[in-house]
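Next up: the structures, one after another.
After this come two complexes, each holding subunit A, first together with subunit B and then together with subunit C.
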Partner chain A sequence: MAGKRMTRKGARGFFWILPSFLGVLAFYLAPYADVVRRSFFGAVNGQFAGLENYRTVFGNPAFLLAVKNTLRFTLVCIPLLVAAALACAVLLFRSKYGGVIKSAFLMPMALPAVSVALMWRMLFHPNGLLNQWLSHLGVAGCDWMNTKYAFWVLVASYVWKNLGYDIVLWMAGLSGISESIYEAARVDGAGEWQCFVKITLPNLKPSFYTITVLSFLNSFKVFREAYLVAGDYPNESIYMMQHLFNNWFREFSFDKMAAAAVSESVVLLALILLLQKAWDGAGEEEKKLARKSRKTGGSGGRLGVKRRGKK
Partner chain B sequence: MKWKGMRKNRAGKGKKAGEIFLRAILAAAAFMALYPVFFLLAGSLMGNDELLRDLGPVIVGEGGQAAFPLLPSYPTLRHYVEILLDTPEFFVMFWNSVKITAGVLIGQLLVGTMAAWGFAKYDFPGKKALFLLYLVLMLMPFQVLMLSDYLALDKMGLTDSLWGIILPGAFSTFPVFLMYRFFREIPDSLIESAKLDGATDWQLFWHIALPMGSSGIIAAMVLGFLEYWGLIEQPLTFLKEKSLLPLSVFLPDITAADQAGAAFAASVLAFVPAILVFLGGQDYLEQGIMAGAVKE
Partner chain C sequence: MKRLPLRKIAALLLAAALAAGSAAGCGAGSGGGAEGTESGAEGTENGAEGQKVGADGTENGRDAADGGEQAMGRFMEEEAALPCEMGEIYDIRKLDDGTVRLIGSDGNGAKSAWDSADGGASWEKAYDFPEELFGKDQGYVGYAALSADGRAACAFNDTADGKLHAVFYLLDAGGKAGRIPFELPGGSENMALGICFLGNGQLCVKDAEGAVYQVDVSDGSVKQKHEFDSSQESLACYAAGEKLLIQTGSEVLVYDAGSGEQLGKEEALQKAMSESGRFYAVDSIDGGESAYFLSKGGLYHYAFGGSVAEQLADGSLNSLGSPSCYPISLVMLGEREFLVAANDSSFGTATGVVLLRYTYSADTPAKPDKELRVYSLYESKEMRQAITHFQKDRADVYVNYETALSEENGVTLSDALKTLTTEIMAGKGPDVLILDGMPVQSYIEKGILEDLSGLIPEGDYFDRILSAYQGEDGKICAAPARFSIPMAQAASGTYAEGESFLEFTAQAGVLSGLDPRETVEKFWYGSGASWKKEDGTLDEAKVREFLENLKNAYGEYEGGGEESGNEAEEEEAGDRALRISRGGYSLASGKAKANAGLFYGDGDYDFLLAVNQMIGDGQLGLIPGQAERVFVPLMVLGISSQSAQKEIAGQFVSYMFSKEAQGFSQGGGLPVEKEAFRDSNDGHEYGGLEELVMVSGVDEDARVSYAMRPRTEEEMKWLTDLAESLETPALCDGVIQDVVAEEGEKALKGECSVDEAVNAILQKTSLYLAE
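Entry: the complex of A and B
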């Protein structure tokens, strides 16, 4: 660890990090180590239990339900969100009013979940607004939050809330593609669609990895709306990991919580390291692309990208 | 600008119609994104009679269907008066939210900027591993860290205290990562020449890092504000005492007919600070979002 060789020349940098690191150590690392320890011990007798807690957790129907729902939610939401955001980003990128519309899409990010939840309750109540609109169209509604449709309400809520975030990310990717590549392709007679498939998509590959992972990690926050609308025990189609952790916490089942937290963090750690690798790989690719676009006279800078349409 | 060049290349009426169609879809989607804001505003300005007439089926559960106009016919500020003057709990919760958000942001400003600067412009053994650790922590959802958070707070006697929410937030690694990305952009040559002129480490931080990385710092603050103003999981888990709860977990009972208007007004008041920060800091917000993903 860094601390050991701190006195050596060049280690001054660590002092800048020290205050932050002490806090991280006290509030995150040390207690996490305790959680790992606890996951191998019984909660009541404090005796070493080996993998017993893990066995209990993986045999627990509520845990399996929460894992299943979380996986299902992820597999439905992420492709939907990422694709929808890409479509919007491509359209907005060329539009004169792109900046204004993008602001509209970003707005849900600023709305606190309590405000959203109030709206949701009005909208998805059995006698609520959605059913009323549907009845105008001659479609029979249903009790949205207490049936399997609750899942889709949550999907919609997630996409609604995160669309703007992903659009910004995609547009950052788009602005990194040199216009001269498009011009060259058009001179060669390529159409809009061909340009999109042959130029835009391949060039966005580096952004794709990170957008997917960030969207995935944001998906855990959908618990907020689910909780505020449906409480501790919602329809079982939206019973998420956070519900389960909350309920175990209330029962003081710290042994189960510890084993579940360790298992989940291992899975997530694997995913994050994959991201790291993808990031590095993408970095290489980007460097190559940057070299290419420098040759053709495009711009490479990314972080300083300003909002378009607002000048 | 790039798009101008692209539009010049476009001709033909068919394409134009398609363009208009796509724009219309986008505008409709943008309207849907904004609808809840209009909805809550309209609801908060309606009198009880009007609310009961339009939302009665939801509020008191009588038969029939709810209907909702976009604008109130007889706008009134009564509910705001009710909340602001006659509901002391609202003020307590609002104040708790302010304390939590301000505490976390000040903490992040103090320790976060320093750590980000250390990671961005210094080299020391183990830096890579330490940075990876920060990255991993930043990406872990609350549920994974919930028990460890609780154990730490319990040991320090911070459960059922606002400090139990503020301190872990202040040491969150996300703003460190964000500001790091911006500090990295500061050219090394500038730092070198300042060093040649005899600047100390502290002067470098104060006169170069803070001013030149200011957009990164603001971006982190904007994102942090939106996150902590709407915080749900932590207060719900760690605060048992009702008088400590922040506004973000305040959900009034709307099934009582005379409370619905107040609920609307309360939720509007809850999002006003967030919207102001959003509108004032949108450029920084976007830069912050991008910094989370774009590899230098």
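Entry: the complex of A and C
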């Protein structure tokens, strides 16, 4: 009887997720399957090409440059953003004006990409505001968006735009940490730094996973600003995967696009799985610590804070 | 438990309502055409048969395509007979007694009135204008107009004493002439720029100062005067019975002819004008209760005070929408037939004057049941003209011509190409592509384009130009229907025909004073084809050689830059701004040492030869470039491999290479068909006419005047041999061209060094070429 009930319950559950699953199937899985299929066929003639498209893509200097730039951008931006947002979040969390300032940090997200791009142009044009300010200081300016500085302008723009969002996420994570843990640690003689390292950081691990994945996905959106400011062919330091896809689409290179998209999705999936595994591992470790803490009968053991003096 | 069925019933009812709402929405969508045909709602009923005469079938036709009933009825065009070979038609009108009267001049300038009792099928001369008043020695007729009772009024520009005096004559129905005692203010500084008879017999005169006068022809008294300030200048005046229509640059103002008072703002009339462009001619058959008017959109009918101007004849389906057609006068013979006197060079008459008859055919579908989509990035007048003629021969085909880029829509080239890609891959793309500005080679490699080899009709073409895009497999997937030639011109000491790029550019400062960006672009056309290496990258040495030598020839940038064109030249889009004739003024006036640019024909040859004469020992030839014998392919035609109308698309492309279509000349390039090439450059239209002198240019110190005459055999042989010798298609790649122009301009202006410019070009193009 119990098994029968489970089956009925399972069936009911399946029907609940069916609409959502159909949506995912129709709008994600099926198109993705079509992209995988196209990666083995010609662009317009539909002739089977085997692995030729993949060979072409991996031998394409523009693709390799775009991959290099995208990786570089990700490796520079994500740690920078996550760390800066965490620092700001911790400071704001302790401030009584944190709520108001947090909203101010969200303002860049509300700005349309076109406005941001126009602002960029005004700032970084050879005859723009930045060069004017620099000239007042006696420093020679340059054509920022057509030099290697374009990359750092893009990094700054990305961090500026996404900082508020990540701060909010970090603060949500911070508010989930019970104050009693800190109190117990302070009673045990833990300092601020120790509390941060031994209590705050470990408890923020679940948030860390979410924030990293979201920041990673948001990093792809920076293309809009780059495209609006520098067009189809920007300085080679900010030539990203999306530039390449955009230009390939214009010229009917669907075969190359499909092969590159499949390759990219495999790498992305691997990265996300890796992060998830790290998160799961962290979860397991946390559970072990919790069990150990229950045995030792105190939060200090759980958190690894050494008790001092009281035995 | 009892509530549950109620909830279920409510849920079912809500679901049913939602489904019904959706279905109704879809229904409304598919019936949108019916709603859209608001013109039809007030259509002109045709009495006994009760059929609506209207071009609203353009909407209904779409319904038909969707499976609904096909709307029938359309005005069909045919060329009507003229009394003789007319040099000019002043006016044509249906008189009160039903006679159609025409006044105009024949090829020798003799002015007469002709009558037709059978609606313009045959003509009899009514009278000649008195020679003693209208002779060539006295002056010329600027404008003339007919009244419904057969009288004619003439605005005669008297030049007997060497000064221009506007004199007005009235000719009665029999041709007896007398002077109207009316003079325009301003004396010889003023003249009439349009006249028409109002329904009350008054003559309406629009002068050069923008004022419109209502004149009593019996005593010359001014009954009403309508003045406009400089911000709202009057463009034309038309009569519709008792109403006077004055068209300004932005609106149509309607006045009561009797009181002179302006009537209420006719919103629907304004809307029609804003949508279909300015009016060319107006007529009325009900004393002014309503008006028929012609614009590029076709024939419209508007009942004054109404809410909509009904389109009766769609200009895109006949000559009325052709860029070469300029209607002079409209005569409504009834609700189902009308005549249009027009200037239209595409009909092949010696003077371009034609009389067109439009008859309503109830058996013809309102809109052709087959649609051919032609897509182009840029507007082409030749294409519009060819479409008009193609449709006349194929009444079952509607050619939908779309241009993606215009100043109004603000679409970028990249966005337009991406939209095109989406449409083609969705199977909803155009059938015929004009590939100018598109990545032609990429499209050919991807299999987007069909082979055109069998579609180009037998004929005498410039073969090397025609086969500019022929692949190694012999397939011609894209073929230019037109081309231009990068050319240079200077005094013999500065430039010699056949001179190399290095020899020419070794003369320091030979290009000084010219616009730096345009200079780079013009010489790039002659050089770019030699830059690409076999591996697809750009040859750095060639790029460096190009910029270094061009910089030497340009010399020091002194700011400003000489306008290559004349101030009076209208702004020309794209590469036409680079046409060589625009730089002729500077060369002729001595402001520049050399002139270079693209040779498009259409009067360029006359002009350049005149400039050669002005500078004494002028030389004209191919531009000295790094590539040899370069031409620029234009109007490159291709058929989409995803087209659902390949047969009609093939017929259309075939037509584009026919002698008729090749003969259309609106400044869009030289035809690839040799006979048409000759016809468009030999000045045959001036043969047998009195010598005309063209004075070109507004700036007094940069004017070029020359006689319009047929070109000699020697001159034509030189030009034909030059075209025959062309063998290298220019590198028509917008991305590379933009980068080269941008960086080259900086180098010529001295904003960066040649090295920096070369590096920037190579860096920016390397990404593009690597893709």
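Note that the second predicted complex is superposed on the first by the 231 of 311 C-alpha atoms of A that agree within 3 Å, B and C clash if a C-alpha of one lies under 4 Å from a C-alpha of the other, contacts with A are read in each partner's own complex, and residues count from 1 in each chain.
In this text, a contact is a pair of C-beta atoms (placed from the backbone, for glycine too) under 8 Å apart; a residue touches a chain by one contact, two chains touch by 3 or more.
If you're wondering where the values come from, they're calculated on a predicted model, not measured in any experiment.
Mind working out whether A:N146 is in touch with subunit B, subunit C, both or neither, as first, second, both or neither?
Only subunit C; A:N146 stays clear of subunit B.
Which partner does A:N45 contact after superposing on A: first (subunit B), second (subunit C), both, neither?
It touches subunit C, and subunit B stays clear.
A:S253 contacts which: subunit B (first), subunit C (second), both, neither?
second
Would you sort A:V197 into first (subunit B), second (subunit C), both or neither based on which partner it touches?
Touch status of A:V197: no partner.
Going by the contact rule set out at the top, does A:P61 touch subunit B (first), subunit C (second), both, or neither?
Touch partner of A:P61: subunit C, not subunit B.
Examine A:Y233 and indicate which partner it touches, taking first as subunit B and second as subunit C; both and neither are also allowed.
second
Name the contact category of A:L106: first (subunit B only), second (subunit C only), both, or neither.
In the superposition, A:L106 contacts subunit B only.
Looking at the overlay, what does A:L71 touch: subunit B (first), subunit C (second), both, or neither?
Neither partner.
Looking at subunit A, does subunit C or subunit B touch more of its residues?
B
Would you tell me the residues on subunit A in contact with subunit B in one complex that are also in contact with subunit C in the other?
Correct list for subunit A: 246, 249, 254.
Touching subunit A in the complex: which residues of subunit C?
Residues 414, 417-418, 421, 424-425, 439, 442-443, 446-448, 641, 735, 739, 760, 763-764, 766-768, 770-771 of subunit C touch subunit A in their complex.
Residue numbers of subunit A touching subunit B in their complex, please.
1-6, 8, 10-17, 19-21, 23-24, 26-32, 34-35, 38, 88, 91-96, 101, 103-119, 121-122, 125, 127-129, 131-132, 135, 160, 163-165, 168-169, 172-173, 175-176, 179, 182-183, 186, 206-207, 210-211, 213-214, 217, 220-221, 223-224, 227-228, 241-242, 245-246, 249, 254, 257-258, 261, 264-265, 268-269, 272, 275-276, 279, 282-283, 286, 302-308
Residues of subunit B touching subunit A in their complex?
Those in contact with subunit A are residues 1-3, 5-7, 9, 22-23, 26-27, 29-34, 36-37, 39-40, 43, 55, 57-58, 61, 63-68, 110-112, 114-115, 117-119, 121-127, 129-130, 132-137, 139-152, 155, 167-168, 170-171, 173, 176, 181-182, 185, 201, 205, 226, 229-230, 232-233, 236-237, 247-251, 254, 263-264, 267-268, 270-271, 274-275, 277-278, 282-283, 285-287, 289-296.
Mind listing the subunit A positions that touch subunit C in their complex?
42-45, 60-62, 65, 146, 231-233, 235-236, 239, 244, 246-254
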